[in-house]
Amino acid sequence: MATVAARPRLRVGIVKMASCDGCQLTLLDLEDELLAIAERFELVEFPEASSARSAGPYDVLLVEGAVSTPDQAADILELRRKAKLLVSVGACASYGGIQALRNWSDHDAIRAAVYAHPEYVESLNAATPVSEHVKVDAELHGCPISPDQLREVLVSVAVGRRPQIREEAVCLECKRRGTVCVMVAEGIPCLGPVTQSGCGALCPSFRRGCFGCFGPREQANATSLARTLAADGREDPDVARLFAGFTGWSGPFRAVVAAYGGPPGVIPYAVPESAEGGRDGRG
Amino acid sequence: MVIDERLPYAPYPAPAGTAVAAPPAPIASGGGVGPWFLARANLGVLIDLLREDGRTVIGPAVVDGAVTLAEVRSVDELPAGVGDEQVPGRYRLVQRGDRRVFDFAVGPTSPKRWTFPPVVPLNVGRRDGRAVSFEPSPIDPPRLAFLGVRACELAALGIQDRVFLGGPYTDEDYHARRRNALVVAVNCTTAASTCFCTSMGTGPEARGGYDLVLTELDEGFVIRAGSPDGADLVARMPVRGADAGQMLRAAESVGKVAAMMGDPVPTAGLHDRLLAQFDSQHWSRIAERCLSCANCTMVCPTCFCSSVTQRSDLDGDVSTSERVWDFCFTAGFAKVAGGSFRSRPRDRYRQWLTHKFATWVDQFGTFGCVGCGRCIAWCPVGIDIRAELLSIAPPLGARPEPVRPKPVAATPGFYATARIVSVRPETADVTTLTIGDVDPAFLAGEFGQFAMVAVPAFPPVPISISRFGRDTIDLTIRAAGPATAAIIGLGPRDEIGVRGPLGTSWPIERAMGHDVVIVTGGIGLAPLRPLLDGIIARRDRFETVRLFYGARTPADQLYREELRAWAARGDVEVELIVDRGTPDWTGPVGVVTHLFDQATWDGEHALAFVCGPERMMEATVETLESRGLPPDRIFVTLERHMECGIGLCGHCQTGGLFVCRDGPVFALSQLGGIFGREGM
Amino acid sequence: MGAADTTVPTAASGRDREFKVDYITRVEGEGSLVLQLREGEVTEARLRIFEAPRYFERLVVGRTGDEVIDIVARICGICPIAYQMTAVHAFEDLYGVEVSPAVRQLRRLLYCAEYIQSHALHVFMLHAPDFLGYPSVVAMAGDYRPVVEQGLAIKKLGNRLISVLGGRPVHPVSVRVGGFSRVPWRRDLDGVRAELDEVVELARATVGLVASWSPPDHEHAQPLVALRHPAEYPYSDGRIVSTDGLDLAPGDWREAFEEHQVEGSNALHARTHDGRAYLLGPTARIILDADRLHPMAAEAYAATGLAGEIRSNVHRSIVARAVELLGACAEARDIIDDYRAPAAPRVPFTPRAGVAAWSTEAPRGLLHHRYEVDEDGQVTAAQIVPPTSQNQGAIEADLAAFAPRVLDLPHGEATQRLEMLIRAYDPCISCATHFLDLRIIDRGREPERAPAAG
Amino acid sequence: MTLPAPSEFAGADLALALSGSWFGAGLTPEAVTRLAAIAEVRDLVPGDVVVAEGQVAETLGIVLSGRIALRMLVPERGTVTILTVEPGDVVGWSAVVAPYRGTDDAVAIEPVRLLTFSGERLRLLLRADPLLAASLYPRLLQSVGRRLAATRMQLLDLFAREEWVRSETKQW
């Protein structure tokens, strides 16, 4: 402990899968500390910001994005082998993100709907979180992640402690900052009670309902919230669309989306003629 | 109960129907004249006077669809003609079109936000080579005036006073904020459907705890003073004596509100009825709806739980600690190294509800609920505690013994710096640190007490004191997580922050003249070592002394040389057992109770001291009871998530007890149904 | 991913050369370059994108305008506001929504803020290392710390401004059809305003600084396309104009342009109907809208005397970007000074069926959205054309024109020059991915199918 | 306590030794008498095996002094001591419970004095005398039950160190 400063600089890599790059941009958005971080850590792999490359090994590897193509599925296995600590960064890496909404739809149909030549497009049937492929040591949530939490992960690795990331509902941040509850006072549907905190309760502070971009909190009782929203006169599709957001593929939210008829615009799976028993397990 | 006399006015009387009756509060006469009448047009004078006195006025204002509390700079900002409709899970503003400014029921925010703010800085910890220091953050609260505080909120302030100022420890930050705030109360002339202050005995009429109180009439306000400060204000305001008609109308309008509410929550016997329902299936039914989102606790004007968070620089050399609102509904709140004590939402809801209406009474002599109804209106799924309380409808049950906490002065942000004298590895993951330069309070510490130990950038951890030396203490620490790993990674001459000694101790005097049975497992021997030291130092005062010690493997035994030395004395029976034998281990293998479940001694004249994992203690207690030891002669330690160490942060609450303050050592009889029950 | 070699010298001698950059760094997203020369003539110049397909055009189907605004922001973490703005204008245009002047100014302020952070990011952190000879801004900071700190200070202000208006720099949350979900109080902007004076000066200094950096020799003027507004420098309003005399309403992009596949690359490119490549972004805007620059930016631009070079050498786009950066900072200051919170943050609207189409100027150039909407306001079909996919033809044409100049350089240096040219476009491949995917399946097998049931 | 050598034990001594043990204390006097009639005292030296895992259990024993370890062989980990049998308790209960095969190795780890009953004779006796069986079996069940409870506690591994990376939390 007394010799923290003498520790070697940790080798940090930042790589991406299917994503918008916004989470890795968050590192560059730590303007006040970027240079100090670069001194404290060796950013050995960060192709968005540096032409110097490294194939590993990494003390910490931050992975952005969902696993969406066969190459990515192979790459992530290789990356895991090279990383002491692997941190999935953001809603895509941790929950599949926005592109995971396609997982409800028939893959071929989606490809054909977007591409004139779907045969040239290679993607997996589902866009999935990194943790479905390899062991993940920590997850940073959010679309995008919170710069403070990213910093906390780096500090905790450097200092050698567990990151202090609170497991609690967005409501706690909302009430701490003194925002009037948009759901109770204005009837705006809000996923705050079932969503992990970390954003600072941003959307309610802008008089919007939370759309769950930090994903379900521990033991999220999404079913009860959905029931309440439905009892407030909403049609099933309108309940489903609330939960079918940037973390809609996460377990608790996915269950609600499924229970309320799936996300908007879904193209149902074609049932192959040879299939014995349908997808719903009828047999 | 001790209430600091520097408060500007007498404490609010305990709500009716609770266990401890507080004496009626003497309310200052306010110059002996009154009540007065303040014309509506002159209400602004009051706000201006308060501001002239250098106070920030916190009063009702319409913000984002609700009448909430905010800084009020002029009378125009008050919610004239605005009312509200509140039902479970729903709040809407209503425009009435009249000029009344206080004709609404309480909104989402209570004065708690200012008396117990969501975030309060505690200290800045620094490390410089081997040296560490903790600089407490200054306490410098603003001068406030609360305007429009309702009777239920006054009661809540009174309850907060008991929590933060009425026990053996006081929260200095709260104290300073409270002392700096002036209270202008308003009697309720309207109630929401969610209100039930009548049941809790707190309203709708303010009964003390204010500097001024207003009752709104169409043409103005009937006004009374409750303190010299209030009387002084009245003297500077354009008031005249209220006439009989005004006084009558004021009383009638408040009385009408009381009649409207009725008595939705019969509180007679509620404490016992609730405590009898720990195992009710009803908790599971509530948990199907409950989101564990903590909105009920956050809007509650009395909930006081908190956590400490750290933020450090990149090297962990400078870290800032803050106290933040936290609640029994969050996952990490009751977590210890082995997991959460309340992992199920049903347990969290039970913890909250039984605390509010039962165990709070044991702790503070009043209910923790004032009937403001906020938790009903602001619950996103509209759970109504009044209905839940009625559904549980329980028979009478037993009450735990009252608890006598032991006073030790301490403040959560304050860590004294001490220096490590020596480091001795005990096992692969347990190390004993001998600490010098400690706060002299430690040298008067008692066997079984613990210390909060901190290094910058890590959360502080509670550590039992495993030996009291002449001018040192020993801390035996297992690397259970990063913070403990960081502490035992320190070396001689490194400094650490310590706070304590805290908690209750083994009642060694009671054991004198008795047989002593000590049963322990794993690292549980550490807090018992001072007891053994103490017994051995005065060995002739005790009858037989038996130590039964279980460990995972022979290599996991603590203090092996001392164990041999104690055994060699001949007057202490030392029996060791391990869970897993190794080839070189010829001693017994099995659980610790195996050592005496076939032995011939009986426990009729014995006192037992037990420390270890809770499951092990349960088995031990069972065996001890079968040997004739009654629950009041069996002493156990509880482990809970402890953060503040002095019963103010709420993490370690179990039933009506704060484990850090009322324990960690308890007579089994004190614990009643708590011991060994899941989800406490 | 995690590639070790970025360049592979395959035919490194004489006038036949092949350059491959497997992973173009310091751009947003994942792409590669293949450039082949035979006898000194370019036979192939191909910018490949292997960013995973994300299917955004399908993901917005069934969603309403406000949902679309949130979803399309996720196309790009660097310019989410451009996507939000294009979508919100498209829907408001269809629904006939007239926002208040104050809301319109706030939206312009938000766009200024995006320009500030995006341009500062590119100028200082992605492009400057090329001019100064470093692999990254972090490496550059060793010798040019004040320059890096200058860039960080400007970028930070842009991010702060976005945060005040939209909550957070990446994927802000306040833009709604009809206005904003919440508008700032005047006092919310005071903190940013207090720092703007200094940042405007930093931005002004940036123009002179980047103008002093010598670009590689190159001359290849291409057709330019940008929005043009009667009174203001174009962000989210104006008509589509070009150096070839084009003049279209912002929703009518399809009348002049189309997406199609280029033989031999299977890439979807946007071209004019007659098959020409064109260039978007700072270069196009500053040439086509020079007379609309903020006076302070116009003055700094004139002082560089580089208008001609900017037109013909894309490496000089860094100067255009710096001028725009100054313009955005200066205009942000003006807007804040004049700001009074609108009475209502947004106006009500009624959805109706039709086509919602609009174009705005993202930092990287013209961005076009087109949504077919049903009577409930739900999208039934979408087309999103990001600037980088439109620039792709221009990039490849520029590479072909530039390649002979690097022919005699050592391989590593030559490829670095080619990458530098690509970076001059500030390509945003993440944006492009949602409909561009240039992977050629060459393993002789069928594409994967949905899993068989059972 | 000094005990006479095994050969010196007479019937009354055997009955006394039996009823003085924890196990025997729970039996009826009649049962003690009948059991003592078929009992023998055996002295074991460390290493002697009373019951072998998987083998036919020949004897039921009551430990009078010393300690017997119950061990199991775990492939790749060697022999593990599961539990030790303390004085007063029973060893070799499988001698009276079908299929009469040892569930573990019972090995003396100290000099042990054991009161033993031939499994075969005991089974005959129990079959012939339901009252004796009714007295002995509950005691046996109590002993086995206690062992089961203790084993569960060991299974919980209460003193184990918590893992740094915990499964219940998503972070770290």
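We just call them A, B, C and D in the order they show up, numbering each chain from 1.
We adopt the following convention: contacts are C-beta pairs under 8 Å (C-beta built on N, C-alpha and C of every residue); 3 or more make two chains touch, one makes a residue touch a chain.
Please read these numbers as outputs of a predicted model, since none were measured by experiment.
K.L.:
Which chains are in contact with both chain B and chain C?
P.N.:
A
K.L.:
Quick one: which pair of chains has the most contacts?
P.N.:
Looking across every pairing, the one with the most contacts is A-C.
K.L.:
What is the chain whose Cα centroid lies farthest from the Cα centroid of chain D?
P.N.:
Relative to chain D, the chain whose C-alpha centre sits farthest away is C.
K.L.:
How many angstrom between the C-alpha centroids of chain C and chain A?
P.N.:
25
K.L.:
If you average the CA atoms of chain C and of chain D, how far apart do the two points sit, in angstrom?
P.N.:
Chain C and chain D have C-alpha centres separated by 81 Å.
K.L.:
Taking the mean of the CA coordinates per chain, how far is chain A from chain D in Å?
P.N.:
Taking the average C-alpha coordinate of chain A and of chain D, the gap between them is 57 Å.
K.L.:
So how far apart, in whole Å, are chain A and chain B when each is placed at the average of its C-alpha atoms?
P.N.:
36
K.L.:
Two or more other chains touching the same residue: where does that happen in chain C?
P.N.:
none
K.L.:
Spell out, as numbers or ranges, the residues of chain B touching 2 or more other chains.
P.N.:
Touching at least two other chains: 331, 481-482.
K.L.:
Tell me, which residues of chain A touch at least two other chains?
P.N.:
156, 162, 167, 207, 218
K.L.:
With touch defined as at the start, can you tell me which chain A residues reach chain C in the complex?
P.N.:
Checking each residue of chain A against chain C gives 13, 15-26, 28-29, 31-32, 34-35, 38, 43, 45-56, 65-66, 68-72, 75, 78-79, 82, 97-99, 101-102, 105-108, 110-111, 113-125, 127, 143-144, 199, 202-203, 205-208, 211, 213, 241, 245-246, 263-267, 269-272, 274-279, 283.
K.L.:
Quick one: which bits of chain B touch chain A in the complex? Just the residue numbers, please.
P.N.:
Those residues of chain B that touch chain A are 63-66, 68, 89-93, 108-109, 113, 118-119, 127, 129-130, 287-295, 298-299, 307, 309-317, 324-327, 330-332, 345, 377-378, 380-382, 455, 457-459, 481-483, 485-486, 489-491, 494.
K.L.:
For the complex, which residues does chain D have touching chain B?
P.N.:
Going through chain D, the ones touching chain B are 22, 67, 69, 71, 78-84, 86-89, 109-110, 146, 149-150, 153-154, 156-162, 164, 166, 168-169.
K.L.:
Once bound in the complex, which stretches of chain B touch chain D?
P.N.:
Residues in contact with chain D: 331, 337-340, 343, 429, 478-482, 521-523, 550-552, 556, 579-583, 585-591, 593-595, 597-598, 612-613, 615-616, 619.
K.L.:
Which chain A residues qualify as touching chain B in the complex?
P.N.:
1-2, 4-5, 33, 36-37, 40, 152, 154-156, 158-162, 164, 166-169, 171-172, 175-187, 190, 192-194, 207, 217-221, 224-225, 227-228
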